[in-house]
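You will see chain A twice below: alongside chain B first, and alongside chain C after that.
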Partner chain A sequence: MNSVGEACTELKREYDQCFNRWFAEKFLKGDRSGDPCTETFRRYQRCVQKAIKEKDIPVDGVEFMGPNKDKPES
Partner chain B sequence: MVKYFCSNIDIKSTWDHVVSAFWQRYPNPFSTHVLTEDVVYRELTADHRLLSRRLLMKTNRLPRWAERLFPAGMSRSVYIVEDSIVDPVERSLTTYTWNLNHTTLMSVEERCVFLESVEHPATTQLKREAWISSSIYGFSKPIQEFGLARFKSNQVKALKGLEYALTNLQGTSRLLALFRKQTSQKNPQPLSLQPALTEPFLTHAHTHTLTHYNPVGDFTL
Partner chain C sequence: MKIWSTEHVFSYPWETVIKAAMRKYPNPMNPNVVGVDVLDRTLDAEGRLHSHRLLSTEWGLPGIVRAILGTNQTQTYVKEHSIVDPDEKKMELCSTNITLTNLISVDERLLYRPHPENPGVTVLTQEAIITVKGVSLSSYLEGMMVRSMSANARKKCRVSLYCSL
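Now for the complex of A and B:
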């Protein structure tokens, strides 16, 4: 899948590959040894955060699970 | 006024498979309106939960009557935030998704909870809720109706997309298992490349809401 930053798609692909493997083979199996994808994530983030700024996408400062807090519990 | 939607669906696949497929569901043939997808935040908490934020960009196709509510030259892309928490101990995935721009025209907020079924561990229960609102003076009611109808149609596409990702994932893992078995044998036989899955994943939808609806586009999630 493409990144919002055209130049970041290859970095994203590398990170996704690393993450998906870690997620299925370590995280879900309860293996708490370190995250092997930190470096690829950092490279990918440098690229994508720059693209977000350039495109003026208003994601900065949005609270995690933001509007969820106003919703009635179900 | 806000339109509310709720559905409960059983996905005939293990929770591990569903949450793995969740990250790999784009691109798929049912989500051609999703143009880009990025992880913009990720954190592994001390209690071993995974927090993620993804940013999606989607096209904003509107019916003609709604087009005139849009100022000319306004961006036609919709940015969507998808926050999620995976808890591998509780066996739950909770997602919260909403649009960042064009919120005056229409705001769609969606919460999904994927839980491992207690009675049937090979099944994952999905509860999907959505809140749809509009602040366009004089038009909020038809816009909300339109948004709700489209949400209903898109949630079917979203499930088909997830099902597609599950098929790919299980196909790959079956092929790998076959390959490992094959390579550990003394006299390997040729690999048989049969379709990994022939049965549908969705066994039972508790709510049937698609009665009188003709999909016209893809504003919502």
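Now for the complex of A and C:
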């Protein structure tokens, strides 16, 4: 699966692999010790946030978890 | 406004289903989702995992439809918030579109829980509220979207862990 920023896909894959392993082998088994993916996530995020800005994707300002919230028109 | 809900049972334990749900895309049953990114991920004080994700979808709308809708956008974006509670064995996802909001609003909620009588089985409850705005055929379009979502949800759910919208 690609990232919304084409240049970030490789960094995303690296992070996803780390996360999926931690999720299955640690988190779901009740092991709450440290997150081994912080660094890969940081690198991945830097790229994604840049892509979001460049594509002008309106990620901010939308609160949800309920059908009664109003959304800004876009 | 149209409200749609459905329930589906997976013959797998909860942990197996949510590991698959976390890796739901790419999903051959829903090829419209072309990009997924994690925006934020944190553990709260109760040990639940919160994730905020951005999904980009490509509907391949023909030019004439885009002209009628008055949009040049080909990709639409959806924001999703999920909470995984490994102690309660509950995974909840809520998503909403963040583009084309002046035309349509699709708010979806999914909840994965073990079956109350059989821990080897998982129940997915899926519901959506669809509102088409400012278009004279709104009721018809809403009905069409609900039927499309319903048909997608039934597609091969029995044999696959992919349960798509």
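Please note the rule applied: the second predicted complex is superposed on the first by the 64 of 74 C-alpha atoms of A that agree within 3 Å, B and C clash if a C-alpha of one lies under 4 Å from a C-alpha of the other, contacts with A are read in each partner's own complex, and residues count from 1 in each chain.
Methods note: a residue touches a chain if its C-beta (ideal position, glycine included) is under 8 Å from a C-beta of that chain, and two chains touch if they have at least 3 such contacts.
Predicted, not measured: the structure shown is a model, and the values here were computed from it.
In the superposed pair of complexes, A:Trp22 makes contact with neither chain B nor chain C. In the superposition on chain A, A:Ser3 makes contact with both chain B and chain C.
In the superposition on chain A, chain A positions 1-5, 8, 12, 15-16, 19-20, 23-24, 27-28, 30, 32, 41, 44-45, 48, 52, 57-59, 62, 64-67, 71, 74 are in contact with chain B in one complex as well as with chain C in the other.
Of all residues in chain B, those touching chain A in their complex are 6, 16, 19-20, 23-24, 26-27, 34-42, 44, 48, 50-51, 53, 55, 57, 79, 81, 83, 85-86, 88, 96, 98, 100-101, 109, 111, 127, 129, 131. Contact residues of chain A toward chain B in the complex are 1-5, 8, 12, 15-16, 19-20, 23-24, 27-28, 30, 32, 35, 41, 44-45, 48-49, 52, 57-59, 62, 64-68, 71, 74. The residues of chain A lying in touch with chain C in their complex are 1-5, 8, 12, 15-16, 19-20, 23-24, 27-28, 30, 32, 41, 44-45, 48, 52, 57-59, 62, 64-67, 71-74. On the chain C side of its complex with chain A, the touching residues are 15, 18-19, 22-23, 25-26, 33-39, 41, 43, 47, 49, 54, 56, 77, 79, 81, 84, 86, 94-96, 98-102, 105, 107, 129.
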